[in-house]
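These are the structures in question, set out in turn.
Two complexes are shown next, each including subunit A; its partner changes from subunit B in the first to subunit C in the second.
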Partner chain A sequence: MFGIDIPLPDFWVVYFFIFWVLVGSTAAPVVFRHKGHHPLIGIVVGAAVGALSGIAFTLLLAALQPLADLLDDPLASILVSIVVSAAIILALLAFVRRFVPESGGAGPRAVEAAGGPRAPVTYSARVDKVDPGWQSVQALRASVVIMLAGLTLIPVIWMAMTAFKSYPDAVASPPKVVFDPTLEGIVTLMTKRRNLDSAQIAEYEARDDLNWADRIMLKSGKAIIGQSDYVKRLRNSLIIAGTSTVLSVSMGLLAAYAFSRFRVPGEGDLLFFILSTRMLPPVVVTIPIFLMYRELGLYDTHLGLIALYTAFNLSFSVWLLKGFIDEIPKEYEEAALVDGYTRLQAFRRIVMPEAVTGIAATTVFCFIFAWNEYAFALMLTTDKARTAPPHIPSMIGSGVVEWAAIAAGSLFFLIPVVIVTFALRKYLLRGVTFGAIRQG
Partner chain B sequence: MATIELINVEKKFGDVHAVKPMNLTVRDGEFVVLLGPSGCGKTTTLRMISGLEAVTGGQILLNGRDVTWERPSDRDIAFVFQFFALYSHMTARENIAFPLQAQGERREVVRQRVEDVSRLLRMEHVLDVRPGALSGGDQQRVALARALVRHPAAFLMDEPLGALDADFRETMRAEIKRLHIDQHATTVYVTHDQIEAMAMGDRIVVMSDADVQQVGTPAEVYHDPANLFVARFIGSPGMNLVPGRYVRGVLHLAEGATYKVPDAWAPSLDAATRGDGDLILGFRPEAATVGVDSAIPATVYATDLHGGYTMLHLELGNNTIIHARTTREAKYAINTPVRFDLDPAMVRFFDPATEAAIIPEVRA
Partner chain C sequence: MSALPRRLFQGERAGYLFLLPAAVFLLITVGYPLFDTIRMAFQEVTLGTLSRGERPFIGLANFESVLADPAFPIALRNSLVFTVASVFFQFIIGLALAIILNEAFPLRHIFRGLLLSGWRIPPIVSGTIFLWMFNYDFGFINFFLEKIGLIDEPVRWLLNQDYALLTVILTNIWLGIPFNVILLASGLTGLPEDIYEAATVDGANRWQKLARLTLPLMKPTILATLMLGFIYTLRVFDVIWVMTGGGPVNATEVLPTLAYRESFNRFNFGEGAAISVIMLGMLLVVAVFYVRTTNEEGM
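Up next, the complex of A and B:
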């Protein structure tokens, strides 16, 4: 699209360049604001300081190259460069803090004059009361967290990038960071194609009823002849994981409520029995289950996988939800019972809203398990009910490996989990209960 | 409003009685306090009246209607829990409206009644706040409002002030008492705080060991305890109890001290001991007056000033410490020998074997 073609520069150079710029541009504004300047100046100065440190890092790494060659280990030179460049940026920031002049009406003396604390504090709602050194440390911590998060996200980002690469870009060595994005991988993923000879290509190019996908494929001499299996697999995954999650959470909620609230004979034994279904590695029972499913006609059916995943998740959801329901004081329901509600109404109107955090957490975990499950899906399905996890590796198959299509398949596979977790994040993060019943 | 009758109501867990068969009638508009130490069965009794706990024997009548096996929701009672049990996912307004929604009231009616009750409790300003953000006192008001809003036949309250700070408890106590008078609502109130019970109750039911010890007005349980438990439990400090041997009109206390019993008591004590036997003398701290030529010798063990009065701790022989009230100005050095007298109208006697109070014949 843009005809860009730049090979991957050294990873560590980029990473630490960004890191130091981030550190500089978050830590320096604190000093500048404290001394009464506009924080924007701080951001600019900080970014410059960071860039200087990044350049120092690059130069050090190059200078230490002979050492790395000598030791046959690049790690030592990288570590030395990190430490030295860190010392440089800290020294530069200290220099900025020491020698930037104070401008009127701000600064520590002004805070004290305004009746603020004599010694700067480490926590306050008022930013001018907080020790600037402490604020810089906070900024530094935030930068480290952001960069570590970035480091862990690199494989996912790389996958997302590969999904938009053309075949030559995807297999290029050295790998490309900046490339010409294309939808080729996604179209390959979604369609069945056949190769065309040059006469057919010419014939196709003459047609005017081609859509954008057809045109993309035509560039590599292929014609789309139908939808690929991937869409079907993804739909199967959604149906199976969604249904089994709903089933296992709702059944688990009722069972957990009963275990939590009523005197169930043999409660401890029953709970242990439920838990014991988790003690065996699932793979151990694939063959017996395969034989049972073949006899029962559940082989390669949606119902079969739904039942299996529900059974596996149920033990988990009963135990997890029981913990959450135990946390809800029984006076909540008793109040509702006295106020004129039946037990079922009290359950729906009081227990379920109060347990929403637990329900959300259980839903996410059950969904992730059912969504990612590979071994059973591989053994117990062939086509009709096959889910995405066993399908994606099968795309490697023989001949040319369509890395872009595989990456696109994995990317689309990620999206539902991200959506579910994102939609429920509010409940996942919220405290279990915020104190309407006072304990004590 | 309503009367509540308990007829031989009992609760057993296995073979253990949580509440021994008990009879109690709560009259229309009465404020009855169930008082006792923790684990005495008072909360279980309350929960049986509400229907949250099933009885294992006996009958519960509400306005003459047998509700023993009816569901809590069909009994037309309101329950205020110790820790309020406010729903944290609803605002105060929704909490208060919750019981009305169960009855399927129309929206305007619900709103009107929530406004009315919140005006009564002076809490309109907190209606749209969630319980988690409310102070203890406002949470208490929301809980009370939720009980009041339905105009139930009876209120059951399980230590509603137990979760509040000490200074605020006084205010809320007055508020609940005032509310009871205004609403003329039949109320059963559980507490372990005898001061609270004395202050609030029309009648007090003193419970211990799953059994009713005494039912009476605050004055009755204070001045005429039915047995040693009530004598010790009511009052702060409790009744002074001094063991002695009764021989023909004179009670011989430890170390040669004697107390001549009032003439009015002599016939009944003669009858109880057949003229010669062990007794326990009981009197309240305010019944003892220290004087120069008084009858009973003792030594000062300790004194403490309680603001309005001084509490003297006197040691009789035999390591028995008794408490006596004197004026604020009275000053006694420790170990001073003193003598004291008892107000003849305020002494009581107990049988050490049965622990029951001896009832004077003139009053019986």
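Up next, the complex of A and C:
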């Protein structure tokens, strides 16, 4: 599309460039705010300072290259460059701190200097946390943590990039960081194709009834002849995950209500049994279920997987929802019962509306579990009810491995999960620990 | 509403009615299969016996042939190495990250949210990504390690029997870090702040506070994290199955993959069930150990 094509540049240059810019743009605003300027100016100045240090790092690394070749040890020159550029950025920041003028405006210092009252400290109550030195150190630490975290995110970023690579780009060595983005991988994932010879390609190019997907595949000499199995698998995933989620949340809600509001004999044991079902290795229960399903004709059916996912999610939803219902004051329903509501009415009109956040969170987590599940789907389905997860590795199986298509499939699969988890991170903990850890 | 349901939904007995659907459902879909697995471990169940419609009782013969299988000790050893190494490193890295995240710094909340959202990345997706990153020919990891000068020539991560287990362990460590951070960070936020202030006044430094205050106070959380980590890691099937399928040869065979192979490739369901029962026994030991420890502590 743009004809850009740059292989992975020197890792250290990219990494430290970003790192110094990050350090500059987090540390400098502290100084600027303290002196009564707008922090935005600080961000700009800090980014410039960081970029300068990054350039210094790059130049140093290049200058030291002969030395590295001589010593046959690339690490030494990298270390020297890191230390020197760190000194440069610290010096620049100190310079900024020393020579940026106090703002003439209504900053806290200005008012004080004019003999006015000491400005109230609004952004932190702790005196030691207002000190700009302390705040700069915090900003520096944040940058270090973020850069370390960036390292751990590389696999995901790499996958997202691969999803938009063409086949030759995807398997290029050295790997490409900047490349011509294409939707080839996504189209490959969703379609079945056949190869065309040159005469057919010319014939196809002359046609004007081609859509964008056809044109993308035509570039690599292929014609689309239909939908791939992945589309069917995604549909199965949606049906199975959706239905089992509704079932497990509704049954879980009733059970959670019972555990929360009634004295159930042996409550602890029952709850522990429910919890333990979630911890069973899938393969332990799959063998009998496989045999049972064969007898009942449930093998490779939607119903079979729905029942199984519902069961495994039930434990989760009971534990999660019990926590939410415990938080609703019992007095609400007692008042309703006195007013002549039946238990069921009180449950429906009082508890359910109050627990709606919890129900939503539980729903989403149950859905993710069913959406992600691999082992059961692999063992209990072949084609008709097969979901998307077993499909992705099956593409690795034989012949030319379409890595871009695999990455695209994984990415599609991942995006809803990440968005939803990020949005609901507050409730994450309750689900995983099953009360093993009390939240502070 | 008629009179009968109205009476059923009043008083303490109503609790059972609310519980009924979930209880019945769980008994059918989990309780019965669990019971059946244990029963099957003592029966001869193969495609042959199934087609005759019988499951003769054969005592401990399944366990004997599982133990005689040369792949079993390898799978057991791999399972233990995989689980212990994964849990250990996930825990150490998770604890360090949790402590960092517990301190105030800018952008902390966004960062924490990002880290947590990693928890639900489907194992199948991570397995596939890493399978590809560890690829011998064009994998990112070989390229990167060569670039920074740690290796001289590409490593056959997944094709070499010596490295395959290490590779799946590395992948699994990466996968499990968010889980450990979530648990440990929540334990940290629950610690009382005044004790730390008192320690600061008494002149304790950062490391003393970590060793003498944080770790002892966190003991219940740490125990729970390790136990849950063990339980969740011992049963890992998807990552290994996607990346190596238990190979090369038996280098990454673990108990779940062995049970799967025995049942669904060789159709020897009895032996598969026997392996499952052995796994259940291991989980039970960990659970009992955990309950004992927490009870002794009076928690």
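The rule is simple: the second predicted complex is superposed on the first by the 301 of 440 C-alpha atoms of A that agree within 3 Å, B and C clash if a C-alpha of one lies under 4 Å from a C-alpha of the other, contacts with A are read in each partner's own complex, and residues count from 1 in each chain.
The criterion applied here is as follows: a contact is a pair of C-beta atoms (placed from the backbone, for glycine too) under 8 Å apart; a residue touches a chain by one contact, two chains touch by 3 or more.
Values in this document were obtained by computation on a predicted structure and should not be read as measured data.
*Asks:* Quick one: is A:D339 in contact with subunit B, with subunit C, with both, or with neither? Answer first, second, both or neither.
*Replies:* The first partner, subunit B, only.
*Asks:* Under the stated touch criterion, name the partner, subunit B or subunit C, that contacts more residues in subunit A.
*Replies:* C
*Asks:* With the two structures laid over each other on chain A, which partner does A:N372 touch: subunit B (first), subunit C (second), both, or neither?
*Replies:* The second partner, subunit C, only.
*Asks:* If you stack the two complexes on chain A, which partner ends up touching A:I306: first (subunit B), second (subunit C), both, or neither?
*Replies:* neither
*Asks:* Once chain A of both complexes is superposed, is A:A255 in touch with subunit B (first), subunit C (second), both, or neither?
*Replies:* The second partner, subunit C, only.
*Asks:* Contact-wise, after the overlay, does A:P282 reach subunit B, subunit C, both or neither (first, second, both, neither)?
*Replies:* second
*Asks:* Given the touch rule stated above, what does A:P353 touch, subunit B (first), subunit C (second), both, or neither?
*Replies:* In the superposition, A:P353 contacts subunit B only.
*Asks:* Thinking of the overlay built on chain A, is A:V417 touched by subunit B (first), by subunit C (second), by both, or by neither?
*Replies:* A:V417 sits against subunit C, while subunit B stays out of touch.
*Asks:* Could you say whether A:I186 touches subunit B, subunit C, both of them, or neither, answering first, second, both or neither?
*Replies:* Once the two structures are laid over each other on A, A:I186 reaches no partner at all.
*Asks:* Once the two structures are superposed, pull the subunit A residues common to the subunit B and subunit C interfaces.
*Replies:* In subunit A, residues 342, 433, 436-440 are touched by subunit B and also by subunit C.
*Asks:* If we count contacts the way the header does, which residues on subunit C are in touch with subunit A in the complex?
*Replies:* 1, 5-6, 9-10, 12, 14-19, 21-23, 25-26, 29-30, 32-34, 36-37, 40, 45, 50, 100, 103-108, 111-133, 137-138, 140, 143-144, 147-149, 174, 177, 179, 182-183, 186-187, 189-191, 220-221, 224-225, 227-228, 231-232, 234-235, 237-238, 241-242, 256, 259-260, 263-264, 269, 272-273, 276, 279-280, 283
*Asks:* Okay, in this complex, where on subunit B does subunit A touch?
*Replies:* 50-52, 71-73, 75, 77-79, 81-89, 98-99, 102-103, 130-132, 136, 139, 146, 150, 163
*Asks:* Once bound in the complex, which stretches of subunit A touch subunit B?
*Replies:* Against subunit B, subunit A makes touches at 329, 331-332, 334-342, 345, 349-350, 353-354, 356, 433-440.
*Asks:* Where on subunit A is subunit C touching in the complex?
*Replies:* On the subunit A side, the touching residues are 8, 10-12, 26, 73-75, 129, 138-139, 141-142, 145-146, 149, 152-156, 158-159, 162, 171-175, 251-252, 254-255, 257-259, 261-264, 270, 273-274, 277, 279-292, 307-308, 310-312, 314-315, 318, 342-344, 347, 368, 371-372, 374-375, 378-379, 389-390, 392-393, 396, 403, 406-407, 410, 413-414, 417-422, 425, 428-429, 432-433, 436-440.
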